[in-house]
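I'd like to ask some things about the structure below.
As written, the chain order gives the labels A, B, C and D, with residue 1 at the start of each chain.
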Amino acid sequence: MSLGYYFLLPVLFSFLTPYFKKLGSFTLRGSSILLSLVLFLQTVAYVGVKLPQISQFSIKPPLGIAFILDGYSLLFLLIFTFSALVVSFYMYWFFEENSGRDEARFYVFFNMLIAGSIGMILSCDIFNLYIFFEITGICSYTLSAFNKDKLGLESGIKYLIIGSIASIFIVFAIMLIYLQIGTVNLGLIAQRFHLIDPKISVLIVLMLFIGFGAKAELFPMNFWAPDIYQGSISSVNGLFSSVVAKAYLFVFFHLFYLFNLGSKYMLFVMVIGAITFLVSEFTALNQTNVKRLFAYSTLGQLGILFMALSTNSSQTVSGALFHLTSHSISKLLIFLALGILIHKFKSAKIDILGNFKSGFLTIVLAIGFLSILGIPPFSGFVGKILILKGFALSQNYTAIAFILLVSIVEAIYFFRLTAMMLDKKRAKVTVKVGSVNYIILTLLAVLIILFGVYPSLLTHYTDLATNALLHPTNYLNYALGVGL
Amino acid sequence: MNSIFLLLNLLPILFLYQFGGALHVSLPLTSEFTLSLIQTPLGTFFAYLSLISFLLVTIAQKSKKLACNYYVLQFLLSMAMLAIVLAGDFITFFIGWEIMTWSSYFLISKSNSIDIKSLQKYILFSLASAFSLIAGIVIAYSFAHSFDFSVISNSFKDMPFNIKVALIVLFSLSFFTKAGVIGLHYWVVDTYSKAPNLFSSILSAVMSKMGIYGLFLVYGNIVGYQELKMMFGTILNGTDFGYVLAWIGVATSIIATFKAITQDEVKRLLAYSSIAQLGYIIAVIGFGTTYGVAGAMYHTLIHTIIKLLLFINVAAIVAQTGKNRFSQLGGLIYRTPVSFVMLLIGIIGLAGMPPLGGFASKFMMYNAAIDTKFALILIGMLFSGAASFLYCYKLVYGIYLGHPTSKNLETTKEVPISYLIPQIILALLLVLAGTFPGAFIKIINPILVEFSLSTIPYSGLGVMNSAVGSFNGFFIMSAFVVFFVLILLLITRIKSKAKNNLNRFDISYCGEVPTQDTSLHFGFGFGTDLYRIKFVNAILKRSSSSFYESLATQTKKTSELFSRMYYGNIHNTMIIILLFFSTLFFIGVN
Amino acid sequence: MLDFFNNTQTIHMIIIIGSMALFFIGFYGIATQKNLVKVLVSFDIMESALFLFFIGLHYQVGLVAPIVDKNLKTFTSMVDPVPQAMILTTIVIGLAVLALGLSFGIEYYKLTGRNDISKMNELRD
Amino acid sequence: MNLKKVLPLKHIVLSLLSSALLLSVVGLLMQVKTDMFKNVGTIYLNLNMQTAAANAVTSVVTFFRGIDTVGEVTVLFLATSGVALMLSATQRTCDKVVKQESFILNAGSRLLLSVIILFGVYIIIHGHLSPGGGFQGGVVIATAFLLLFLANPNMKLSHGILTLGESLSGATYVLVVIIGLFKMNILLGNFLPHPIGEIGELISGGIIPVVYILVGIKVGSEMSVIVEYFVKEDYYKEVCDA
């Protein structure tokens, strides 16, 4: 198998979608599930293979473009393809319930969203990366406007405007890079980046920071993010939270460590992450819309990840990657479960969490909440304790105190939701969970518990990823085409 | 269902007994974490304490129709506590601690009287406690590079002084919150009173003891009493640190005792009483002397027994009558005599009167205070001990004596046998603890060795030795039984002649004839006169709730302030991004 | 006299000044304009400025387009083809995003009768 | 006249800020030395003889950086789908266009249509020999349809044929990329014969003209769809308002 299929197969699927549609909705949904399954199985096949793997286009790098899979991208690839598989099963249920939607186009955008995100993490060429960035962007704009109502279109327009700003800054940065370094290959850029004029390099880093930071929902640039979550359907929210935001975060830190930026930048990113965490968690307290609330929660968790990933210590980074994986699974679980409730009640007010009656949903939602809060024996705990441990080893007590104090604020709203679910005094409506959703949500909940009680399953990959992220020598060799 | 979980609860006890002190398991969680269980004398003591409590409570739950998930959660809770007390490293300890937190949260949420605010209080204080604990753990890790108790304990001496203090403060805060030290007790009363009735007994008797276990672990094992002495110096015959702690404990017990007296709800009274009793334990735990530790340990045991007994007793009464306030109860002595006797035994123990176990534990604690020459502490303890008679009296009078306050109470039947069995067992234990206090010396000596303190000389089962003096529990008990039987005979001779066929409204005072609504019960309004005493009034008026409520208000205000930024104007968002870029540009390039 | 302009340095200078002026006109536009169409046009202005900048800086006096024909048999003394390829791609992407943005705007206008982005605030708590 | 209303403070501040940024960025860019490293483009030029495409830009677009072009085509495809998703609902609600068509315009535009399309096809086919290529030619073809729509609002494109052209050309393009893997052991390998001696001929450069023709068909049909949606949107609006 070649890495190129991660992009080419979804593209082929999308181009042929009009004909799948003619064969009936079952074929359409089935083929989308099949596609996600094939990509997931391909990723599983890469587990245990000697990394990095490379797949070249046309000509050997550094002249040509190549897809490189190292430990860092393998972890994200697993998360992305798994999320895609889960969501494509979930959408089967969604379209059964909501007939009359433009199903075929949804699948086009959904699959290309995943393909674009995967392309961003695989590509070793910054201009190629920008194209995947745009593919992901266009898919997310359209998916957030998919409802075609006032709210959906508003969120689509907002996302598009922010995306355009981000892409202009990134294009400018790429042009400056080409002007200065004469290439857009990441390996060569990394090699030569410290040789160029420091003022220009500051400008380049700043523009990339604004571009990817705005998309990765960093603090002074994330005022749009909750709006997007509120306007779009909840399975798309799950994807935004567990795939798209993570892809931008991947690129952010991939470039960050490839360019080997100094400790000043690290401190800056850490402070920005901390502010993001603080502001988002406090804001979440005041929300009455569930989607918005979990949007803020996502922003907060991204804040922790930015704090932890910018430390350059393998302990903290490994913990952060564990936390990232666990957060992706938990948020997917929460958003998919919320989707069932929102569909039932036709409302996204926070009260719906108090008004449903379903033991199963209560349990899975509670597992998701506890995991995000970092409470054992769920997977979030291992991530959080690893992060804290990493900070402890570098004796960064401020960060520890900060994370723990803000986590209490986080606990306030998570446990308020839990208490609402458990409250017996509210009027309750029985909610039935279909068999497909039952299996999906059980699977996600089991994974959360499994990674919590047996973290070695995951720490192996996070350690690999950490090593690849902090010491990208192998990656650079492949990107430079050494020994191919 | 009940029987299955009864057996399941029995299993760990047998398992622990089988190992007999040699349990040592380690389980690698990841390459960096290893979960390990080690059976120390201290841990074994607490393990038996919690496991037996769970067993007894499960017996009492026989008469309730509880769902399977209730039992599963309760079993999970007991396992979590077992993990806490048998933990050999901080990760296991913390995992147990957090599982304890959330499983008890879900159990409390199953109550019918619980509201969101109380649940929030409970979980936020528990999480604050857990986060302060984890902060301490990772700080210790940053020096010891291990989570193992023994490694951290060994490297503790080499840490900088401020880190040592920070560790002790963080750990103490965490465990104080669980034990409900005054100021951090905001969650205790609401939670205990609104939790399911039988579960309150576990909360008060076992879960608060996990805080005490943590204090023993940190002061005795991790830091070590010797090290505490070296760090803070000594005052009189005890440590400086112990002196401060003793004041915290005494203040807790005095304030909580007065608060308890004024309560109208039975379980709220018990909750405050629980805080007061734990105050004693905290008062002596830091002395760093043999008798301080022994007294704290003994009182832990006795308090567990008493609180289980009292809470089960009250739960039975509430289940039987549906009333949970003193002003609604009364006169149940003729309807539920066995329950009355059990409660009587319980409050005799609670008041610390001879011949029951309560006396022995108080004796040890007072001795410890005398031994260290902390006279003021001793006076405080005696004062609150004397004041506690009042709420003990209120408890027995309000429920069982006086006039029944409503018609239904007159037709109440004796509580179901499943409630009585654990009470009888506990009462017997209490009697035994009073009769053979010497047996406890055998349990406590290994723990004292573990803390590298001198041991207590053992001279017979009935004899409790201390630095100041000793007493023979067996002798006192024998004498008491003889007197008791004599007096009982006397009373029954007099009583048997009187006919008890009066109606409770057959009285009139000041020319007024009471109606159905008139509360004739003395339990109604008992203790309100305390407000007239200036000193007590000052205690009762002040409350930590205003502080925490203002904290909540501040949080909400901050939240509103921040959420004003997210008001959805994309135009301004763009301007902010561009300004952010410009600012960074001018800073970065120049 | 026009030889002065037949100098790579001068041409680059003019291009930098011109394209950056255009870029910051667009910058000013997105910061101040509230009409969705105007905002999208401002984005396009900024993009065009970047295209100008990028292509312009890769032109040097004396170089020709990178195409061989009967007169020019080898690929020597030609301008760098990569910027042109990249600009081609970026133009298409800009066009795609512009079309999408306009279609969103049209639909939104049909539903609400508004195209002022600062008044799009129905998504709030 | 209120000065504050015409020129609010915010605008003044932002224009000053833009000017300050402009000055400092220009000042910064003036110092840029662009010849520190050898551009990758010069290496491509040296290698370009091997691809046998006379236009180096074309060989960079379709071959050296060919996967960019796959992505680019995908972006355009996604945008078209998005536009169709957004604007297709209107056609259901307000379907009739009754604007009077002018005979002269109609006949004239039909006359021009073939010429413009021929020109577009020429640009596409000669993409590897002269300036131009799939994108440019595709857009030229779309302008032909634009002219048609402007002249005759009742004109309808056959979506079946457009979709067929779009899907098939796109799928073939992806297949060409994948066939390279099997034939040349590298994705997007130039597996068709491309002797260097034939440089400058119409059939030369292996897969390069094939790719550009596929891209041309795809871009042409997609742009036509976009043009149709936007032009008709305008007419519908007028008709619905009336």
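One rule holds in what follows: a contact is a pair of C-beta atoms (placed from the backbone, for glycine too) under 8 Å apart; a residue touches a chain by one contact, two chains touch by 3 or more.
Here the structure is a predicted model, which means the values were calculated and not measured.
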item	value
Per-chain Cα centre nearest the global Cα centre, belonging to chain	A
Chain pair with the higher count of C-beta pairs in contact (C-D, B-D)	C-D
Cα-centroid distance, chain B relative to chain D, in whole angstrom	75
Intercentroid distance (Cα basis), chain D paired with chain C, Å	15
CA centroid of chain A to CA centroid of chain C, Å	30
Euclidean distance of C-alpha centroids - chain B vs chain C, Å	72
Interface hub residues of chain A, defined as touching at least two other chains	127, 131, 134, 138, 141-142, 145, 148, 157-158, 161, 165, 178-179, 184, 199, 203, 226-227, 286-287
Multi-chain contact sites of chain D, meaning residues that touch two or more partners	14, 17, 21, 25, 28, 34, 39-41, 44, 65, 68, 71-72, 75, 78-79, 82, 86
Interface hub residues of chain B, defined as touching at least two other chains	563, 566, 568-570, 572, 574-575, 578, 585, 589
Arrangement of touching chains [line / ring / star / complete / other]	complete
Chain A partner contacts - residues on chain B that touch it in the complex	28-33, 91, 94-95, 98-99, 101-102, 105-106, 109-110, 112, 116, 119-120, 123-124, 127-128, 131-132, 134-135, 138-139, 141-142, 145, 555-556, 558-560, 562-563, 565-566, 568-570, 572-574, 576-578, 580-581, 584-585, 588-589
List of chain D residues in touch with chain A within their complex	25, 28, 31-34, 36-41, 43-44, 47, 63-68, 70-72, 74-75, 77-79, 81-82, 84-86, 89, 163, 166-167, 170-171, 174-175, 177-178, 180-181, 186-190
Chain A-facing residues of chain C, complex	30, 36, 39-40, 43, 46-47, 50, 53-54, 57, 82-83, 86, 89-90, 93, 96-97, 100-101, 104-105, 107-108, 111-112, 117, 120, 122-125
Chain C-touching residues of chain D, taken from the complex the two chains share	10-11, 14-15, 17-19, 21-22, 25-26, 29-30, 34, 39-42, 44-46, 48-49, 54-57, 59-61, 65, 68-69, 71-72, 75-76, 78-80, 82-83, 86-87, 90, 129-131, 135, 199-200, 226, 229-230, 233
Partner chain D, residues of chain A touching it in the complex	2, 4, 7-8, 11-12, 14-16, 18-19, 55-59, 62-65, 102, 105, 108-109, 112, 119, 127-128, 131-132, 134-135, 138-139, 141-142, 145-146, 148, 178-185, 192, 195-197, 199-200, 203
